[in-house]
Amino acid sequence: MPEHEYFDPGYPELLIENFKSQKTMRWLGANLTDLKPGYAEVTLPWREEFTQQSESVHGGLLATIADNAGGYAAWTLEPNDSNILAVEFKINLLAEAKGDPIIARGHVVKHGRTLTVSRIDIYSVEDGKEILCAIMQQTLICIRK
Amino acid sequence: MPEHEYFDPGYPELLIENFKSQKTMRWLGANLTDLKPGYAEVTLPWREEFTQQSESVHGGLLATIADNAGGYAAWTLEPNDSNILAVEFKINLLAEAKGDPIIARGHVVKHGRTLTVSRIDIYSVEDGKEILCAIMQQTLICIRK
Amino acid sequence: MPEHEYFDPGYPELLIENFKSQKTMRWLGANLTDLKPGYAEVTLPWREEFTQQSESVHGGLLATIADNAGGYAAWTLEPNDSNILAVEFKINLLAEAKGDPIIARGHVVKHGRTLTVSRIDIYSVEDGKEILCAIMQQTLICIRK
Amino acid sequence: MPEHEYFDPGYPELLIENFKSQKTMRWLGANLTDLKPGYAEVTLPWREEFTQQSESVHGGLLATIADNAGGYAAWTLEPNDSNILAVEFKINLLAEAKGDPIIARGHVVKHGRTLTVSRIDIYSVEDGKEILCAIMQQTLICIRK
């Protein structure tokens, strides 16, 4: 993984506040549980509403927190007042996500002037053990003010 | 688009019931609003909880209903008691999704013995006009009993 | 599909010349066989060198011509002296590509100010019949001078 | 990365022979330069025919060797007489690939009974330094005899 530095010395506090203001994350009960330059971790406590017929969390919700993990990882490298938008993402669902919590860890692979690319690993924590349940590759665009 | 036929003459009633039992869809308030052989439409009324800082629905939630649209499109071609699982999907976010409702329309492009591939178009309905806000390409696996 | 118009009235001649100067396309023997605003078709005569153990053309080479079909479809909407680069693409391989020729047809789905998204269908022509052998979803960036 | 073991004690010799029989790889001049359980490295010497207008290798050709790196990584975990096919792949192009050689390194992330998922990193070697020029996420299917 490449070496990164925070764009803004005021991080991570600013981004943690920003994350809390995301309505979807609040509604899901997801938290930004770790942040480093080029890296973000989002944790989602399991809830029955997230599941389908089985007890496994819906792949779209895994994608939702993974998308944020990759996006905030990118945001650590950009001005706080810029807008980071996902251009696209692709996720492989590898195993059932029945654990509690679900953890998405996003790493910036390439930080470009306009586009940034992240890889995100999503884990289901079962009996204290992390099981890799999905992986994502994501493209982001930074709109600076 | 290829010609398809329902696997089960009892469709679409069986699949409509099945969809209603999906906890995530019920929780989101999403409905299966159309079903034909190799085709499914999922409609999601806009809610503020689905949005981020702006009023646009989170890309992960667009992916969640698109994933179901593609999956149910595939399910029309498979036994009712089989299990259709998304292997992976890739979504491009094309425009803000501020409309009400959001509509995902999934088409089976290739129905294989093990794997099926769908394309899904996601529209945001603004002032009665459908705006294409995302497109998905998805791989599904069918586990037959 | 959305309505598009050529950016440059001198198209398609300019783009056809441009395509011929692409070393990879010339080397493969691929031709730009159709061009409309927001649309391009690339045709590749089958050669044994393109195949793996079976007679099917390598998925990476299907991707190579599909990438160009999507890129030239986008280029019809941009200045001739701009640079169109693929940001990423995702391809599903649906069926063996043993036909002659292979045809990739790219359509612009969304033409944005910076980013453009295309969908590409790849056909294998067997006994005069077109078989859909792969589909691609692609993101492009336009660097204008 | 997960721990893996060769399926067949006769690897890697068998797979190296197999790789050499791939017509596309031979034609491109690509070599299988490293092999471990769940891992394969494919090296491609730069040639002008691989480039477009600039000196950068065509993204589709990067995808071609990356597809093989991911596929052979999977093959180390499967019987020699099985057939490993790419179901789909998605590649992000991160930087120009003007180096010599180009190296694709594929790792199996999840080895399943039917489907296997690999991640592949593609490097361009410039002045002896490896520059990450593309990353891929790939789904493979194993057809056992």
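Each chain carries a letter (A, B, C and D) given by its place in the written order, and its residues are counted from 1.
What we mean here is this: a residue touches a chain if its C-beta (ideal position, glycine included) is under 8 Å from a C-beta of that chain, and two chains touch if they have at least 3 such contacts.
Predicted model, so just to flag it, every value in this text is computed and none were measured.
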Give the chain pair, either C-D or B-C, that is connected by more C-beta contacts. C-D
Max Cα-centre separation from chain C goes to chain A
Dist(centroid_CA(chain B), centroid_CA(chain C)) in Å evaluates to 28
Centroid from C-alpha atoms only, then distance chain A to chain C, rounded to Å. What do you get? 33
On a C-alpha centroid basis, what's the spacing between chain C and chain D, in Å? 23
Which residue numbers or ranges of chain B touch two or more of the other chains? 87-88, 90, 92, 117, 139
Considering only the defined contacts, which chain D positions touch chain C in the complex? 21-24, 27, 48-53, 58-61, 63-68, 85-93
Interface with chain B, chain C side, in the complex: residues 2, 90, 92, 94-95, 109-110, 112, 117, 119, 132, 135, 137, 139
Could you please specify the touching residues of chain A with respect to chain C in the complex? 87-88, 90, 114-115, 117, 139, 141
